[in-house]
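One chain, chain A, appears in both complexes that follow, with chain B as partner in the first and chain C in the second.
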Partner chain A sequence: MILRTVAQKLQAWDKGAPVARYETLHQAVVPPDQAMVVAFVRMAGESRPWGVAWGVVGAEPRIENVPDGRVRDDVAVLCADFAEGLLTHMRVHNWTYDPVGKSAAAGELRQIWLPNGQHLAMLHQLNYTYSQTKFGGTNQNILQALGRLSGWMFRDCSRTGHQHVVDATRALSSAFAFPAQGARTAHLGYQLAWLETPGERDSRMAAANGAEQLTVSPTMDPSVEREELSDLVESWQAGRREGAPPADAEVGISDVLEEELARRWRLTEKAYQLLANGPIPVNPGVDSLIDQAHSEFWFQHQRIELRQNDPSQGPAFIAHPETDYHGSSAASRYLIHASNDEGYGGHLIHHDPALFSESLADGRAFVVAVEQVANLGSGRSTVPVWVVVLDGEVPNRIRENSRLVPYESRGHQATVTSISVLEDRTELQLEWTTRKTRALSCGIGAKPVDDAWIGEEVAFVLSDAADLTRRRSQRVWAAKDGPGAWLTHGKAPAPLQITYEDDTYDLLVDDITQIAGEPA
Partner chain B sequence: MIEEIQQQSTILRSDLVAHLSGLGRLAVVKAPPGSGKTYTLIEVLSELVTAGQRVAVAAQTNSQADDICVRFAADHPEVSTARFSSKGSLPPASFPTSVSWLTATAELPTTPGVTVATTAKWSLTDAGFPFDLLAFDEAWQLSWAGLMQCALLSERFLMIGDPGQIPPVVTIDVRRWETSPRAPHQAAPEIVLAEPSLVADRFVGSLPGCWRLPHEAVEFVRPFYDFDFHSFVDPGARGLDLPAGCDLADLADGRPLILTVPTPPHGPPLEVDHEVARAVAEVAAQLLTPGAQVRLGSAGDPARPLTPADVGVSSSHRVMNAAIARELAVWNGEIRVDTPERWQGLERPIMIVVHPLSGVVNPSAFDLETGRLCVMASRHQAGLVVLSRDHVGSTLADYVPNAEQAPGRPDVVGRGHDAHIRFWSSLDDQGRVRPLN
Partner chain C sequence: MSEIDEVRQEARRNTRGRFEQWAKNPTCAANTLSAVHNVRIDIAARAIGLTPSFGQSPFAIARGNRFEAGLFYDEAARLRAALERKGCLPEGSTGLLDLRLRMNGGTKVTSVDEALQRTEEWLRNLASNPSGASSIVAAPMIKIPRGVILPEALLIIDVIAVQVAEGHARLQVGEIKVFPDRGGHTDPRQLATARAQAGVYKHALTLTVEALGLIEELDIVSTGFLVFTWPGSNSPSVRPDEDLTYQSIRAERGFLRLEEVAQLIVRDDDFSADNPTLIQRVLDADTDYSESCLSFCDLAPRCHQVALGADDPIVLGAEVKRALGNTSLSRAIELLGGATPADNREADLQRQLSEP
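== the complex of A and B ==
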């Protein structure tokens, strides 16, 4: 736990209520009709859903369930209903007349809000179950589409800066520091009680303690299953075996599940409302993250739905639910995620002083005093060079050739050409490399060559190599025909079989078979 | 014994040349710290170039690439050597004029010789026609994704590096690829060594001895490696001789010393441990006392006075290093203070390090990764002082690894925990763990 986190928890305790962690939200919050809230319940020990609630914010959710979550065909019908709503909401190709295109605007973003990470894991289960299923009858196509979309959403959530899926608990934890242990703030009801209960610390704490007694996870409280559902399910199964499942048992099960689903759905909707209508504005840099998210959605999902190959992004193949077996698909995805992670802070930091303070403490940002300004260009060329002084006792991650961006003047960039460590200070020579003749939008607002900078203090942020890393991801695909590819690319296929309780099975075809073809 | 080790090194080099001159397409050489891996690389490549090969060398940083060029120019001026660098870059001061400085792909040599660049540079280069061999120095710092980008450069690969060092830096969630047969974030040689289908293709060897560490220090570093190695240094040859009565006089025997600082009853400080930072400065002052003599050569070689530039300091966190640098300001920056990541490939006669678990009462997988401790414990030539809060021994004893790795993956955390315990307890058993006075 870093010092800043501890300090914020103490501030929150002192205030008696959660405090904002940053001055902006680092996540998009779309208009209500573009935010679909989804919640699941499942039987203990089962991976398939027993019931699903879905609907956009501000409207009544649709809540569907089956009498027994172990009956594969019933669950498939339930999931096909859910798939229709989800695929339409996300504007997926082939399932809507208005699919999201390659160059979508920021305002077109659609989001799925889930209560917490365990509901997110349900997307992974849907991916496993349906992406290549050969069951489902007339619903087979839509179930496969649900599996593919769920898989993409689940995978995309591990990408820094993703925007399509929101884990509500995590979103609140990112936005607020709570006066409580980290493990307890992983409960959405607990968080909301701290945030929404009026009054002083004691009343908020009491409300939070009460709220955390009710489960939010897809797996219900064992006492609910044992005392309210077990007999009903048994009775329904007994009737089913005789060809006449009792309707009253079905209604009884449905009532319990509806109540459980509705609670999870409402809590998530509240989290949305709190962030959408709360005092913390969304960071303007999030627009760049939305652009990235649209690009990911296009290249990793929509394009593949249309089966369009792309030389720089690789062929259109359906990713395996477990991992990327093909070396190029694994490395390419890894490098894209690394690139997004490298660039993430740079999009947000110039609009959030609290994030800047955190970077100062971490050595990723620093303040220098300008001592000399020179122009080393000849003729019409301009090469502004600064000699600046940094307090040698503050932490920093500066190295020769580090690239720096002036704080609040994104677009300008300078490279550290030399570092001299002196007794009480560190002297840096900086050469401006981009926007060399344009005035900075920070400090005195002069051009880099202007002597007026001498004596001024200027804050800088370490830049990243996100663009280079992205190019490397494309290079991975390009290298597949190189002489060294015998070592670096390709691997024998490893098909995965999923066997069901009735001894039928699905065979998941991995990415190698799709990319490289069937083994000889 | 030393002759035997030298003979093993010679045999390894000639086997490598034979493999890479023939049909061999892949060779991996494991090297313990200070074992002469760059020397081995240069000697092997020189022979291959003499035999007519055109070789690309990939280093992991620009300074490593420059260093390789300097050594080629000094040891094998007959080998045509080029340094391939970024557009607009200039050679550093005192860079040998006999080495060509190239910045354009079109300038790449087409005749036998060695061309050195960073892996990052090679990974975005279309060389036109392939090299006969691509050799990676410090290969355990190279990720599999990094290697894949270089597949256009050559059909044959040589990887040489230190498996005990810090693995490639990973800053993102990589659970998706933990079970991938060729996980893109893992060290490339680890994947090559684990792949059964490559058995017929690969040559695997290890360098047998360590030149850098004192003879008496090697046994403490061995637990970090899965192969055996010995010391090239004579027993008793290396150490630090301090004036009589000095608390740290036992550094004369070349073995490491752990000095502990009491852990406060309410637990160690968060982030920056100012008391330990002050302790580092106190130890540095004791070591740099007038009359301190360091022995760096072979047995019988004369000692020389210790200077501040002979001392290096390392702790895992930058904020802690900044606090230590403040405490060491009296030496005007002559004592280098840096993270273990930045110390890789470097050495100093004397190292003072802050134990990576000092202040960590609930170790995570990151904390128990042994690369940092291994790097910290293997940079010195004559003496090593480890500073730590005194809870570390009991923290390690109380910790129970959870084996949280993905199915089919090695229990890296459990192994790290074991290596940490063996390092600490072997020093403790020899009376080398004691409170700082």
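== the complex of A and C ==
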């Protein structure tokens, strides 16, 4: 895998431009009006945003900021504005007339596109700041809703195959191999300059070097803060202390921040357009990932929002921004993530020859020659069995009882019942277990029991146990008296009190207290 | 010239920063010389017309100062509460010894020499009479003995928590950082940096206590604590019981290695040289460009250009460099395109690169 990356980088260097890593995109790219681009800036050292730009692709973004990112009340008003746009876009219960339902179609997916992982971390900061805030006055509810949604989006991004939030830099890195160092391709502007600049390698490289000088992170270049903003903020603060903050300072600050935000927003929009209108098609297997994503959104966020306003629907479990503080939930979520991780490749590989080649090199896929076909079933039952031969030199991870899926025929499955390692080859006996009477959609397209397969070469991919892991995630909840109950059903720690500089405080209420329905 | 001297003087004090800079690329002679002679790389970069890109925001500095001032305000009430909650201090602990320089927010100590002297006094008093000692010590300053990092090395430890048990003082170093503690989602690089710095403190404190002959009386705990902020607030978030054993060993080995490397490349006349001469020495020194240079060195663009000119695979990253070894980029591309390998090594490389 590493050498494949090295070879691709060399090809890209030779070509003088990035090359596609795979033949398909492994990420959904929704229509422009369903893709909202969001970019943040914050004051260095602060967690809250100083300004936010948001808007769907193809439309002018709304860009809002405050004169000083340290003034909590001003930032809360800014975030409430942003929350309205975000909650509506994501069709969250209580904040739209058209909330996403439990069984949403693939075409209903809404996405948030962010410039890079630092902006994604800002969602976590919003989660910390607002999900259980006691501030905000009339905006308190919407701020809490923003905190909860941000928290869900941030957490969901650690789930393999997530689809609602797209880190544009990562999406481009997944799609293309760049002729540059990995540390540099973590910069969205740098990536886009390599991809979009016409001409030879030198001109692209020069453009990328230039683009790299402008920061994309929410924290701005220190020189911008030092030379363009510091005096303005100081003057605004001085005026504010005397009750009359100077309007010209406010305008000056806003101009700088708008420019910074607009640049980040435009870069991200460009990344979207490049992927949406580029030559690499979206992998058809992504539809299954979208189904998973809808399910996650419903069970981990939407249903909870519903319960927030209607307790008769059940207790609202609100995850703590830091960790679960809840053993059963943690165990269940772990298994869901493990299940998604195990199953991810299986959804995509059958539609992407490059991904299949990668698996061949890893030994997770292989090509065999069929030597014998038999039906061991009796009466009306059919039990197709194949004896196949694998080149002994080829790497493989096959074990007895491994389950195999024929390449490009997802749904069919065979189990390895015996392995004989001979001098120059490996002989496998396979017993078909799923769709055994239906024709395969690969190779000659015959049924598994058909003798016509003899002499044919068939490619297989190792199957996963994602479904089994998913079932285990549900059983954790009922394991109150099981062997791991001390861990999964243990007592939660005490609530934490966070004191602010003005001696006011927030209480971070743990979720077990909330489930038990005790007053906060 | 005088400005450069001032900058160098300031950097001379920053032993920890110099050490960490060196540790980021210990095989680069220019980096080593810069660390040993306190020649800031951004100044060297400016000298050859490069624009330095690493710097600090005034807001970040102000936030850091404000956070630290808040921690030590009112007998360090806020920090004390957090330390007590996490078991770094017992309930009802008392006393703050503030050794911060006035220029750093302290109230009494006016000079580096005074800070050094008062820190030494504090350690001696603590060894002879630990009862009644202040439980929190802000910014003690120590001079590392044995000439580590020529010609001198000063360290200001952010904070030390003192507990007394059975007539014995137990010292635990703490590192204060303004960045937000987001539980398991905290930036791992920031965590690693904070731990590494706390390890340097622990090692340096041990050296100092040994040099003062107090190692029997004072117990330097192998664990430390990290003080971060709660996201969106100035409240401290303390991470207790951070095992600093290996970070301390790293610091010890690093200081020794730096010393060895410095002996090889530092010239006798360097210590009497003026700043422009030293800057030129840094600029003329051999370099060993790597991907990590991009994260801290303002001379990296120059080294990148040199690597491009030399057809060095490092321009495609450390992974490519490791895979290709001494093979040039052009040759690797020829091999990828099917050129006849000149030897077994090239044949092996070609086979590996051509795998699916």
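Keep in mind that, in the parts below, the second predicted complex is superposed on the first by the 495 of 520 C-alpha atoms of A that agree within 3 Å, B and C clash if a C-alpha of one lies under 4 Å from a C-alpha of the other, contacts with A are read in each partner's own complex, and residues count from 1 in each chain.
FYI, a residue touches a chain if its C-beta (ideal position, glycine included) is under 8 Å from a C-beta of that chain, and two chains touch if they have at least 3 such contacts.
Note that the structure is a prediction, hence the values are computed from the model and not measured.
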Touching partner for A:323 - first (chain B), second (chain C), both, neither: both
Chain B versus chain C as contact partner of A:361, first or second or both or neither: both
Which of chain B and chain C A:48 touches, first, second, both or neither: second
Which superposed partner A:96 touches (first chain B, second chain C, both, neither): neither
Touched partner set for A:6, first chain B, second chain C, both or neither: both
Partner chain in contact with A:437 - chain B first, chain C second, else both or neither: neither
Partner chain in contact with A:141 - chain B first, chain C second, else both or neither: neither
Chain B versus chain C as contact partner of A:486, first or second or both or neither: first
Those residues of chain A which chain B touches in one complex and chain C touches in the other: 2-3, 6, 322-323, 361
In the complex with chain A, residue positions of chain B that touch it: 25-26, 62, 120, 123-124, 130, 134, 144-145, 147-157, 171-185, 192, 197-198, 201, 270-271, 318-319, 321-322, 325-326, 329, 332-333
Residue numbers on chain C that touch chain A, as the complex places them: 53, 55-60, 62-64, 70, 78, 178, 180, 182-185, 187, 229-235, 291-292, 294-295, 301, 314-320, 323-324, 329, 332-333, 336-337, 352-356
Of all residues in chain A, those that touch chain C in their complex: 2-7, 9-11, 13-14, 43-48, 121, 124-125, 128-129, 154, 179-184, 209, 213, 219-223, 225-226, 229-230, 233, 321-323, 357-358, 360-361, 498-501
Residue numbers on chain A that touch chain B, as the complex places them: 1-3, 6, 155, 158, 160, 322-325, 327-328, 330-331, 333-335, 337-338, 341-342, 361-363, 392-397, 401, 421-424, 468, 471-472, 475-476, 478-489, 491-492, 494
